[in-house]
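Here's a structure for you.
Chains: A, B and C, in written order; residue numbering restarts at 1 for each.
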């Protein structure tokens, strides 16, 4: 399986703040990978750098063998790289169908064709009953699906999902996970930023961990969650040791009792 | 043509006019900096104030400088009422609506003036209209010197208000973080209206300073609006220092432009600067990001 | 589809009017109403569908008007050749202003300001430059004939303007049913989201500006033919800019028939006012301004939007923290 997206030494600073520092990662074709890390780690910035919304100060972004560093987002979308937004950005004045059709138009010049394709994409994410509703009338969960559908309609080879589960209640999360899974299974490579660990553990084959703008770990979900540096990034310095000590103490206490 | 004796008076004239421009731009800066709205009605409001000064002189014999204590509070109230009663209610919080509403207000004001005063250009005559003061090779009209001084004083007062008073603190809080300010118990709507009131009050003062050396007709607002915007954009939206310096600079540019290119083409220079700055450096030279 | 069928109906009905009445008053009204429609339709392409509010649309109007006059008076061209030429020039100005503005990412108030500034610059230049007749303006010599686009009675002008209005309607209908139109509205509603799914905002907005400018230029050329006179104030002044945008907003931005509804309503309102109050200077514009404010306050979707928003939705209002320019 080939590498679909490769970023090397990518960095971006805003004034004095180094939002992303020397990050290198690769996304394998056909995989569903996750990018995790505490708030403010620079994950969304990294997405912006990958998709062309920001131009990196250093480093390279290579997609499907081509250098796309700094290439504007619309050209990336045409090449097959589409991203969604953490805070959903619907075309509020338009219907669900019309929203998705905009994405569909990337490969379908005919209006009728795009509207028709929009319907099938809506079905894929479970939005069929809402097709003629105004985007502004949807619930948060609905808008998330819309965001997903619209991106999907561009027939991407790589989909960057930015916290597609944020703001959803447990029921909605449980309903959304199979949708994302379905997309990945249909052949779309997915890289998702996610905080909802349940989704990361159950969906992701590969996990990258970003903290304070730098990559601190990489591996399978199990490897990464047991990684000391990752625990510390989320829970603070020394936590990993304390957790280990508590576990050891609990074990010894058990042995003594036995 | 370019010798000192001709340039110096032109520059000096430009500075005195520029000070009044700066005062006008200050009001606009305050409104933009806090409410984040482009007040298209600013020019028309100045025009209204100028007519006010005119009427006070023509019908009540009130000297323009003596009219300050009348014009400033009146314009303040007008501004407060406009913001609270019209703009706030019409905009539904959306920027594009505010744009249209202030445009609507400017249209109404300008054409009401046309209705009541016809399109004649009017001036006032005071005892000192024609008095000049000699400064080096230049003869500067006394009213212009007074307006220069007055504009600086009023600007200073406005800056003091924003920096030193409780209201100023509230204004600064709201401009930085509206929701947070609201949570702190600040009545944001009231602050907005106060800001707008202050912005228009400064126009009341500017009108008192302008009228002796200038004129009024229903269209003057348009010219001032663009000049004021040019200054605000040049100096940086939301920067007082920028508005002051920008005002002086634009005054000089206009004066020199008029000298070199003739009255009307000289004005083009300002608009060209405006367009260029807007395109290349919309944050101006002192402002925060646009 | 439905839109085109309606357009055909519209053309047939309005086009038949000169056959049903000889009243000079009525014919004049229809002609000037159609003219007002074109102004708002032109603005609507960029403002309603593209979401870019131009406050200086007179820029394109004046360009078209002057080209129409100059092409005949100084280049000896037939007015029927001058008209498309005027549209091309106006469209070119649109391309220039659009490219400059959008290249530097101007939006919202900034874009409105820039268009205003450009209109003012052109106005001042037109006042100073000899080939536009400077402040005096240009007077088109009277020579009535259809070949000279100076029709003896209003019917000819009505059909001419009807043709232009139909062109605008077709373009607008195309925006509603094409990929380009979908892209344009996407950029209007959320530029970043549009970029992420493959839309190039710059080229889309630029093309919209060109189309909008061209249509506006046609209106300017028409003005010159009817009134045989143009000067900098009429050409580039605020009056035309305001009429264009208020009509579109009052009628309903981003719709097919909205600008016509709005333009005609305002036109009727202006007529009624004139009958009630006489020829008071400025009264028209006062009304336009008040109507603009009232519509924005109570009916932001315009008259056309009356059907789309229920009273309950209206009462709940649209409370949102708008984006900064």
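Rule of thumb we're sticking to: a residue touches a chain if its C-beta (ideal position, glycine included) is under 8 Å from a C-beta of that chain, and two chains touch if they have at least 3 such contacts.
What you are looking at is a predicted structure, and each value in this text was computed from that prediction instead of being measured.
If you tally contacting C-beta pairs for each pair of chains, B-C comes out on top. In this assembly, the chain whose C-alpha centre lies farthest from chain A is B. Centre-to-centre, using mean CA coordinates, chain A is 49 Å away from chain B.
Our note on geometry: chain A versus chain C, Cα centroid distance of 44 Å, whole angstroms. In this assembly, the C-alpha centroid of chain B lies 31 Å from the C-alpha centroid of chain C. Across the complex, chain A is touched by residues 177-179, 182-183, 185-186, 189-190, 192-201, 254 of chain C. The residues of chain C lying in touch with chain B in their complex are 51, 53, 55, 100-101, 103-104, 106, 108-110, 112-114, 116-118, 120-121, 124-125, 127-128, 238, 242, 245, 249, 280-286, 288-290, 292-293, 296-297, 300, 317-325. The touching residues of chain B, when paired with chain C in their complex, are 36-38, 40, 86, 89-101, 103-108, 110-115, 118-119, 218, 222, 226, 229, 233, 262, 264-265, 267-268, 271-272, 274-275, 278-280, 282, 290.
By the touch rule above, chain A contacts chain C in their complex via residues 51, 53, 72-74, 77-78, 82-85, 89-94, 98, 101-103, 105-106, 108-111, 114, 150-151, 153-154.
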